[in-house]
Amino acid sequence: MVHQEEIRLHTTRAGQMHDLTDQVAGIVARSGVQTGLVHIFNVGSTAAVGTIEFEPGLQADLPRELNRLLPPGRHYDHEQTWHDGNAHSHLQATLLGPALTVPVRNGRPLLGTWQQIFHLECDIKPRERRVVVTVMGEPGPAKP
Amino acid sequence: MVHQEEIRLHTTRAGQMHDLTDQVAGIVARSGVQTGLVHIFNVGSTAAVGTIEFEPGLQADLPRELNRLLPPGRHYDHEQTWHDGNAHSHLQATLLGPALTVPVRNGRPLLGTWQQIFHLECDIKPRERRVVVTVMGEPGPAKP
Amino acid sequence: MVHQEEIRLHTTRAGQMHDLTDQVAGIVARSGVQTGLVHIFNVGSTAAVGTIEFEPGLQADLPRELNRLLPPGRHYDHEQTWHDGNAHSHLQATLLGPALTVPVRNGRPLLGTWQQIFHLECDIKPRERRVVVTVMGEPGPAKP
């Protein structure tokens, strides 16, 4: 069984995080898959997905620390080509990665209590984002 | 075919690494899958999984370098909320990621000779960890 | 449905990047899968895969910034064992990760216009690389 849907996001600024957990759980429920995997993918090269405890402190910490490790305003060769000021956005998104896969059990994504699925906008201007969610697995409990 | 099991780990300190390769190979063998994928997932937001050459040098290097990039003891907004001293644990775990997927061929995880599957504890106190392993694929060789 | 093939790469230097997008798309086409996932995996512990806008600027930026974050020539415990000068290669590869999964729709990998699948050589000498590509899914459109 394969089920695929998209989540649309309107982002407004670099460092903005969205909690996708409930929407992903809804897609898993609609898929009918009880046991398997759910894959979450950001279409595009300047945003990322992953897991985090989704609370205001870490929503500030993660983008600030990424900006410290891969800062805006340094010399990047990407800027020599495009002059669009977002080389660090590309590098941050590549480092975190565009994809996450989470196990499905009993028809739900299997996450920790304080572990949520996030989307992080790394680009420097508002974007319309597509997040593709693919569920694969079986309509019953795992064997054995 | 979908097969799902859990590995339980008792971790004792930040930076502790476990080699999960043999346990994952055992789960793949029990699954009956010959060709497909095996997915390894840490439940919780302060530990990570990945691949590395599992030898004592890199077992010291990886957590030390993560502590250099995302150090304990800095100002993190997460601490203003929780005062539990593990904001860097969250950030390190998010950066490495909670999930790994490895191809399965001939009923075994397909890894390099010096490439093992690791679990890294990023939290600052002992934890009981659940690692969910999901195998998907076919009971025979890949077509064609 | 499961389909598995390998891409062989001859790499010549640290920091070399290859665009695997067309080869991965060819494997997806040959698989007959219309809706599902394609998984790309570097066999070995000193190279990585991911997504990036594959243009010359970022091809210089990504390996240079990884060398800044995890530099060659520092003290690494790995060197005490092996003296092969590539501890940073291991750490960079582990941080980026050996694996990437991309959704498949309409028989093609679903990527952004400026989002390509790359392979990054992190090791310090030429290597013969195996990249295993696994496609799983259904021969028709997703339901519903």
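Labels A, B and C are assigned to the chains in the order they are written; within every chain, residues are numbered from 1.
The definition used in the following text is that a contact is a pair of C-beta atoms (placed from the backbone, for glycine too) under 8 Å apart; a residue touches a chain by one contact, two chains touch by 3 or more.
Being a predicted model, the structure only gives us computed values, none of them experimental.
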item	value
Shared interface numbering between subunit B and subunit A [over half = same, under half = different]	different
Subunit B onto subunit C, rotation angle from CA fit, given as a multiple of 5 degrees	120
Inter-centroid spacing, subunit B versus subunit A (mean Cα positions, whole Å)	19
Touching two or more other chains - residue numbers and ranges from subunit B	69, 95, 97, 101, 136
Residues of subunit C defined as touching subunit B within the complex	2-4, 39, 41, 43-45, 69-70, 76-82, 87, 90-91, 94-95, 97-99, 101, 132, 134, 136
Subunit A contact footprint on subunit C (complex, rising order)	35-37, 50-53, 55-58, 60-62, 65, 69, 95-97, 100-103, 105, 110-112, 114-115, 136-138, 142-143
